[in-house]
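For clarity, chains are labelled A, B and C in written order, and residue numbers in each chain start from 1.
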Amino acid sequence: MADNGNVKDENILLEVKGLKKYFPITGGMMRKVVGYVKAVDDVNFFVREGETLGLVGESGCGKTTAGRAVMRLYEPTDGEVRFKSRALSKSGKPEWVSLRELNKEQLKTVYQDISMIFQDPIGSLNPRMTVYDIITEPLLIHNKVGPNTEEHVIQLLQRVGLRPEHIRRYPHEFSGGQRQRIGIARSLALNPQLIICDEPVSALDVSVQAQTLNLLNDLKEDFNLAYIFVAHDLSVVQHISDRVAVMYVGRIAEMAESIELYSQPLHPYTEALMSSVPRPNPRAKKQRIIMEGDVADPGNPPPGCLFHPRCRYVQEKCKIEVPELREIKPDHYAACHFAGELDLKGVAM
Amino acid sequence: MSDAAVIPVQETKDDAVKISQSYWSLVWWKFKRNRLAVVAAFILAAYYITCLIFPEFFAPYSKGLESDYIEARPTYPQFVDADGNFSLRPFVYGLDEEIDVATRSRQFVVNESVKYPLYFFVEGEPYKLFGFIPAKTHFFGTDPADPDAKVFLLGTDRLGRDQFSRILFGGRISLFIGLFSVAVFLFVGVTLGAASGYYGGATDIVVMRITELLSAFPQEPLFLALGAAVPVSWPSTRVFFMVTILLALIQWGGLARQVRGLVLSGREEQYVLAARSFGASDRRIIFNHLIPATMSHVIVIATLKIPGMILLETALSFLGLGLVPPTVSWGTLLQNANTVRSISAAPWYLFVTPFILFAILAYNLLGDGLRDAMDPYSK
Amino acid sequence: MNEITDDVLVSIRDLRIRFDVRDGIVNAVDGANFTIRRGKTLGVIGESGCGKSMTAKAIMNMVPKPGIMTGEVTLYKRHVENGSQIVEEIRLDQLDKDGEEIRKIRGGTITMIFQEPMSSLTPVFSAGFHIMEAVKLHRFLPIESIGETMTRNIQKKRQVSLEEAREIAIDMLQKVGLPNAAQRVDSYPHQLSGGQRQRVMIAIALSTHPDLLIADEPTTALDVSIEAQILDLMRELQETVDMAILFITHNMGVIAEMADEMVVMYMGKEVEEGSVIDIFENPKHPYTRLLLASIPEIGEKKRELATIKGMTPSPFDLPTGCVFHPRCPDFMPGKCDVVKPLLATVAKNQNARCLMYDPCWPDTAEAQAIKAKA
């Protein structure tokens, strides 16, 4: 499994190639498949160890589906997901495994290395379980409950800023931010290498959001975690991410190091998206690129570049040919026929 | 992030040490405030103690003890005798047999000259408590030294057996059938409903088609057919279990559909996804997450289903399709009252109905109380 | 902001809304004072549960039961009568909740758009029907004869006819930028996307020529690109129709773009008010300051975000003194937890509810030090 042919970087932890997840659309009496929603279509990205990759895009762009398909919570339609697993290796040294080729038992073992944090701080905790039960559930599943479990749970609680006496309480007794902390403690229980955070702060108030983001950043350093941070809020993603991938209708439009992407975007969608974000500066010039119309329907996508109906730089070629994600500059990828040729404005850093 | 909520969710005060309230303690707190339901719970507890657990103790006689008093009228306990003398110890009058010359029928009249005092905790017929502890004490009865002394609180039947004792023993069977068939009903309904909802696909289609078939089937002819199919030679216990399982198997469809619906919505909950993301098995997700989420619903359905099962057993036995004598149940006891003649001659055969009535009523009130309590966050 | 001048449209004085519920009393709004000016946008910002939506409901006199509302909400309505302009004062809080008068104002003079455009439209009626209904209820056309048009002396008005209403509906949908308005007028809510539905909502709200549009988190449920479209649309329309907007949001960016003046709310209290530029550039109240520092900003790399320690208190069990004191970095023991601060003027047209600025509070060295730090 040590095929490192395509991996340039020793530090890469997860590599996703050509990931596809199509949901069938059924119709008629016999529930015949009449088409597919291409929720995730040919997505490529990688995550380095101890790095945060932001996955940003508007609703329906497939960012959440991509996160789940990586873990095979949604079985991918096609593609390859390679992961450097610690739990599955016998030698103790991390070993490359292809997640899609694993059987159920092996996959379960890999889940010790990858965990998830969810968007809904209420819905992601079972209301009938105490905090202790919630946090020990991953340990139970992996037969890791021992005499020190309670101590371990208390340490986790304290690490995420909750108190030991919270251990016997039920989720409904906590505020939204505290519940999210419980979810974070649970995701740390098995000491993972990678956490997929699915919109972890979008349901929280501004002040609580800041607390949670700071906590995630601290934990990343303490435990040398890598995050895939799925979110729709560009400013939050910019704040937390080392690298950012922008998705549009199931595909990656652009991927680069965070500051580079925000200051020198290469894809017109990234440019327009950033200029759309309302800036907390009343003197800022209210001048921006308005994207006309709505996000393309993934069940009925336009031909050629998916963004062409809303793009201000559209050319004939865009309406016919689907652009591939190309490396335009070192470590800066964009899926636009004219990437690098257009003069796009980023935000000042 | 709208703040439109009129009643904000109460948050824990950070510094106060507060006793943690689980969902069930909230349910209990709310249930206690519904007086009618609490009374119903006490009534049911009384029923189950007297009829299901200790009928041998509470009944003065065994269910099969025949006496010479055939279809004798009830003898009610008295405190004041015909002469106006008051005694603290209740007593019953003796009964004399008379032949009505006109109708040529035998009947019993009260003989006010004979008084049999009633005693509590008297020695009487030996029995085995729980089937193995030998005992003789009965809750009440007449003087064991006097062989003529008898007490028939609710009269006797054609074989001279005490109605009151038989109603208690009949309650044992009827109430047990309620519990047991609901247990089977729950097991089948919840398992199939949960499997149907969780796995979907072929399992779902097969289970749902079966429930549709069952609900479309006319129930009465089905019982007739099945009742006829039960061999006469079967021992009464086997018939009893047959009837119980039958009751459950015919009715699980509705429950299965509801559980399926709850599981279908529960499967989309993020905490289920979270459990899966930690590698939880299907078994674990179904038993630790999905089924507990349906529990409040299921308990209410079960509580409201028990009286239905009891009534169904009663009705079937009354029609002769369920249990048959010598098995004593409320249904078979009602069979005594199946002709106008027997009711006019011995109206005390109907005394079994108030027992059934109160049990059913109590169950319905309890079920309603539970349903309200299961939603403790509502007003 | 307290003087009543000609450009005042709605003035709110000492507004309090209280709910008596099983677990105690909740003061959803506790003494709000502010003024909405004609043609201007007032932003109300705060976290969930701060009472911002309830304030909006109070202006419409739509406080849900068992809420009890006290205070004054006055609408200054302009009329043209006999050629001269008069201003009618209407005490909205004193009107019958279900009466004729308030219903004329709701949806007529004051209209509202909500966060969730799907549930705000009835699924069985077309987009056009919704607009036509509002127009028929609230828009009246003058009955003019030739002589009257010369003098603009109009006495009588009539309801619009069905054909006119339909024309107005198409016109409105065009104005809010719905493509193919003439066809889209007959489409049903489920046939429209989220952004389009919000456009329809705005069309309904604007079709009656309101003096005030209350927008309660109108873009929270929308994507960034659609949010930008809607915000631009609202600004453009405001310029053309001279209408005031009360913009309720939790998003600092949105308020910076949209509002002229703003009110910051915390636990039912107004903690700071003033012009948007003043507050963003020179926030006085510690809560406002922290709130501004705690948001990640695009184009600015902050190593660590400022946070507000702890969490919002239970509304049943508010802290004594200043409600913010347990979370305040400038907490002065023995003062902030005892004295309830009043709204004090801190700069020209800027008020804050903090003891540091309270004129009745002696200017101690301690307070000075904190002020200097701020």
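Just so it is clear, a contact is a pair of C-beta atoms (placed from the backbone, for glycine too) under 8 Å apart; a residue touches a chain by one contact, two chains touch by 3 or more.
Note that the structure is predicted; figures quoted are calculated from it, not measured.
Q: Which pair wins on C-beta contacts, A-C or A-B?
A: Looking at A-C and A-B side by side, A-C shows more C-beta contacts.
Q: Going by C-alpha centres, which chain would you call the most central?
A: A
Q: What whole-Å value do you get for the distance between chain B and chain C if each is reduced to the mean of its CA atoms?
A: Computed value for the inter-centroid distance: 60 Å.
Q: Whole-Å distance, chain A centre to chain C centre, using C-alpha means?
A: Whole-Å distance between the two chain centres: 35.
Q: State, to the nearest whole Å, the distance from the C-alpha centre of chain A to the C-alpha centre of chain B.
A: Between these chains, centre-to-centre, one finds 56 Å.
Q: Considering chain A alone, which of its residues make contact with at least two other chains?
A: Those would be 175, 205.
Q: Give the residues of chain B that touch two or more other chains, as numbers and ranges in rising order.
A: Within chain B, the residues that touch at least two other chains are 1, 11-12.
Q: Could you list which residues of chain C touch at least two other chains?
A: Touching at least two other chains: 47-48, 250, 311-312.
Q: Would you tell me which residues of chain C are touching chain A in their complex?
A: 47-48, 179, 193, 195-196, 223-229, 231-232, 235, 250-257, 259, 276-277, 280-281, 290-292, 294-302, 304-308, 311-312
Q: Which of the residues in chain A end up touching chain C in this complex?
A: Per the stated touch rule, the residues are 58-59, 175, 177-178, 205-211, 213-214, 217, 232, 234-236, 238-240, 259, 262-263, 272-284, 286, 288, 290-291, 293-295, 310, 347-349.
Q: Note which residues of chain A are touching chain B in the complex, please.
A: Result: residues 68, 71, 73, 107-109, 111-112, 114-116, 118-120, 123-128, 130, 137-138, 141-142, 165, 168-170, 172-175, 183, 186, 190, 196, 203, 205 of chain A touch chain B.
Q: Contact residues on chain B for chain A in the complex?
A: 1, 9, 11-12, 17-18, 20-23, 269-271, 273-281, 284, 288-289, 292-293
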